[in-house]
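Should a chain be cited, it is by its letter among A, B and C, assigned in written order, with residues numbered from 1 in that chain.
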Amino acid sequence: MADIRPDNHGIRLAVRYLVLVLIALIFILPLVIMVMSSFKPTLQLLQDTSSLRAFLPVGDLSLDNYEGAFRRAPVLTFVFNSVLVTGLTVLLSLVICSLAAFSFVYLNWRGRDVVLSIILATLIIPFETIAIPLLMIVSKLPWIGLEGLKWSWLNTYHVQIVPWVADGLTIFLFVQYFKGLPGELVEASRVEGASWFQIYRRVIMPLSGPVLATAAILKFLVMYNQYLWPLIVVQQESYRPVMVGLQYFFQLDVLWGEVMAYLTLITVPVLAFYLVLQRAFIASIASTGVKG
Amino acid sequence: MKQTKIYTGALLASVLMTGTALAQTELSMWYHGAGSDVEIALVTQVIDDFNASQDDWEVVLESFPQESYNDSISAAALSGDLPDIVDVDGPIMPNWAWAGYLQPLPIDESEFDDFLPGTKGIWDGKLYSIGLWDAALALYTRQSTLDDLGLRTPTLDDPWDKDEFMAALDAAKASGDYEYAVDMGLAWTGEWYPYAIGPFLQSFGGDIVDRSTYLTAEGVLNGDEAIAFGEWWQSLFTEGYAPGTSQDPADRDSGFISGKYAFSWNGNWAAVAAIEGGVDDIVFLPAPDFGNGPTIGAASWQFGVSASSEHPEGAAEFIKFAAQDKYLAAFSDGIGLIPATPTAAAMTERYQEGGALNVFFGLSEAQALVRPVTPGYVVAAKVFEKALADISNGADVADTLDAAVDEIDADIERNNGYGF
Amino acid sequence: MASKLTTSNRSGWGFALPGFSLIVLFIVLPFFFAFGFSLTNQRLISPNPTEYVGFENYRNLLGFGLVTLEPERSDDGAVVRDDDGEIAYPRLRTITRSDEYPQYRGMREWFRWQDGENAKVVIASDVVFLRALTNTFLFVIIVAPVQGGLALGLALLINQRLKGINVFRAIYFMPVVVSIVVVSLLWRFLYDVSDGMFNSMLGFFSFGLIGPIDWLGNPDTALPAIMVMSIWQAVGFHMVIWLAGLQTISPTLYEAAAIEGASKWQTFRYVTWPGLRHTAVLILIVITMQAFALFSQVDVMTSGGPLDSTQTLVFQAVERGYGKQDISGGSTISVILFLIVLTISLIQRFLTRER
């Protein structure tokens, strides 16, 4: 910890808290405005923003904006899509990336170092660099689904999921973590004749709680908040995720009340999730930094 | 094992479904109106009536928000997945026809003889799309405003010229009663700029692209007339006559109604809202004549058939069905746009003789000029929009127009002249 | 870590193949395609076949020239000045659009400076791209140290043994989990000229002296406005990383410093900062990479305007590739972006390597 001398003298303590609170206000007030405004009629909320009333639940409060938001856009569809895409991507990612990391750390095979280097090299490639060529590629890929063979991935769930399952950062996190595990466990299991997959499943995975949480949380944040990719590959309403659904609120007439309601609807679940698990969230982000 | 069962089940189900569907062939249709309840209700009504009126075809609708509708079509075209019936914005139609998204309508052009010219999408001599309505522009104001400021009421035969128009704005500004003299709607980014502001450029004598060859914009977008237009346009903002690019969209919708703006340059689709918003003495003035004749935009959304459709006859049936006068009138009553035929206009409450918006019909006939009919319009429109925005924000007029010309010319060249 | 005695090619490849093939297909392949497309005139969709054009796209993006303008002179040779006393120069378009200088055709002014009586003008064939380039660099250069520094400050603040400190930590981190798109919309609302909170507060605290500022509509304030918002959203993330770094510094070092009577500043400089070096490197690299990817905020709030003051590389790449259907142009910008990020990462690694 920074300072081991206890510093509980009254005024200095109060000052410290004051500073902390003022800064906290900066971080929390815009979100408060968003939530408060979602309950106010548009005309009123536009006037309120010029005063302290913006933060206060005053005036004509109602759920009208929420009703309007649900009428204007298929909010539930969007939320469902986001949750589905995010959930599947996270799950698949945890499995596939940990498998790959396992093979880099515990197995010896020809080409291992080259493959790992290639994967790590992709860390510098910003997604935006490959967004457009990737668009061209996925528009020509085949997929076998319920309707048979289709030659494009646009406007589907898999186009939002599959390209994101494997990525260099997640693999890197697993590799770093596995390197830190004691090797005797693996040796012992090999001696007992366990197959590599059994070792993966029964020895390494159970010990991987922290890294699984870290990878899951980072992936979740990336996937749920995605904007650019779904914007260019998914336009059909039934497949759109929440962020892109925002466009519905900026058609001919903009009702800021409904916009705020929609923003609150899509943010509150994440915030709630975060607040409940914030210790884990923060601990996991921190661990990526320390291992560096 | 379980998987085989599932697949067999799915296979059987799909066979069964195709079996029943043989009776009615499904036609997919995409429409740009998601988020706009009234439009969707009207389109759904037409579709339901059509489906009920015959046994061969069943139209199924999918709605998209207008902003990303064109992107959806591009994405679908990329993957070979276009619906049978598409709805296309008039000026974009040549681009889609050139790119191979659309096939010419398998309908005889004579069926649409009495349709307003702006509703017919003709490219390369063939009819590709037909619209159920047209949109027109007018200068909104109140009779009381004209009286208070002591202004002459312009008519179709005798519109204001540039000096009279500016004098009107000066009077409005001097009176101090309004936040801004005129609202040009810069909050509506996108197609509004070329649609609504382009006519001013054309009235000055310039144009977005040279319509005699469609191979360049040099001389028309950066010639003397265009520069004169640019400088006039810029003066609207530097002298405080109009709100600029940072206008709040909410103000665009309600500013004229609430009295913030004396005049508003707007399309007839906003007329209904204005009248219902309480503007009792609203008048729709014709566009001013800046020297080359007063001009307003034309051509709105139209229906067409995609090139990959396997049932163009069915699509054509639907389009002919939808083009009946009663539906033209219904759309007009619902969304306030100009019905495509005079007979339909007589059936509507607003466009019949003596109706509140009847004047728009005349405006459309007299002053409408379609946007440049070229596949290059897609890029040209974006370039023009940016140039206008930059000029409104104070950029050098001649340089900005030169840059726009260069970009449009480069695009035309890169696409081998777009077939011209 | 791997057992040196066992080489299990099958298992090795089996485990790695799913992940590796996905990465090759969805990251490596499009990456090479981007290079490929940038050398052609690929469109999003077009009836014309794609042709190879070599480096023409690069020349169009990066081409520039230097032109010297001599002042206009009246008949007797005196320099003509306009109403403000500024020297009058011939319009650039007389040069760029004349037939004498075909190599300047299509170019525009980027910026100019005075050289005695002459004006030296740098003209470029794609000024919007160059503005995007400079804006992106500007964004990175300002945001990286400011965000990193603020995050460090917050981390030091949070790193106190006070009751309830974790509540504050949770609050400071909160904006990080909110989508940047949501944040952009919210702040667009706050930045509004007439109804925005910032202008109201400005008017209130200055007693009406400072009028409303058009934050997003003024070319001088638009990019800074976006910077402030981006920092607000992301600083919590880096605060947490600094915090973790701080907590690895051994308390005995602090004890030693206290015993020696070191001041707060000295403690920071000699105990805290050296311990944070490793963390600092990581933070710098991450912020830099994130900053180069500036897109969503611009797309939602300003669309690159006003007057190109918020153009960024990624925004231009997407606008051209997707909006204007010019895949080759978009890819060219992407390749340039990649080369820049690569160079900077290499430089950063070099400068911060362990000696």
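Following the convention adopted for this analysis, a contact is a pair of C-beta atoms (placed from the backbone, for glycine too) under 8 Å apart; a residue touches a chain by one contact, two chains touch by 3 or more.
All figures in this text were calculated on a predicted structure; none of them were measured in a lab.
Judged by contacting C-beta pairs, the busier of the interfaces B-C and A-C is A-C.
Chain centres were defined as the mean of their Cα atoms; on that basis the chain farthest from subunit C turns out to be B.
As a whole-number value, the distance joining the C-alpha centres of subunit A and subunit B reads 39 Å.
Centre-to-centre spacing of subunit B and subunit C amounts to 36 Å, using the average Cα coordinate of each chain. A straight line joining the Cα centres of subunit A and subunit C is 22 Å long. Listed for subunit B are residues 71, 78, each touching two or more other chains. In subunit C, 192, 195, 322 are the positions where the chain touches two or more neighbouring chains simultaneously. Those residues of subunit A in touch with two or more other chains are numbered 46, 135-136, 232, 256. Subunit C makes touch with subunit A in their complex at residues 1-4, 6-9, 11-16, 18-20, 22-31, 33-34, 37, 42, 154, 156-157, 159-162, 165-166, 168-183, 185-187, 189-190, 192, 195-197, 199-200, 232, 236-237, 240-248, 251, 254-255, 258, 272, 278-279, 281-283, 289, 292-293, 295-296, 299, 314, 317-318, 321-322, 327, 330-331, 334-335, 337-338, 341-342, 345. Of all the residues in subunit C, the ones that touch subunit B in their complex are 41, 43-48, 60, 91-93, 96-97, 105-106, 108-109, 127, 192-195, 214, 216-217, 219, 303, 305-308, 322-326.
Residue ranges on subunit B touching subunit A, taken from their complex, read 10, 14, 34-37, 62-69, 71-72, 75-76, 78-81, 249-250, 253. Touching subunit C in their complex are the following residues of subunit A: 1-6, 13, 16-17, 19-21, 23-24, 26-28, 30-31, 33-34, 46-47, 49-51, 54, 96-97, 99-100, 102-112, 115, 118-119, 122, 124-137, 162-163, 165-168, 171, 178-179, 183, 186-187, 190, 196-197, 200, 221, 224-225, 227-228, 232, 243, 246, 256, 259, 263, 266-267, 270-271, 274-275, 278-279, 281-282, 285-290, 292.
Contacts from subunit A toward subunit B in the complex involve residues 42, 46, 71-73, 135-136, 139-140, 146-147, 150-155, 231-233, 235-237, 247-254, 256.
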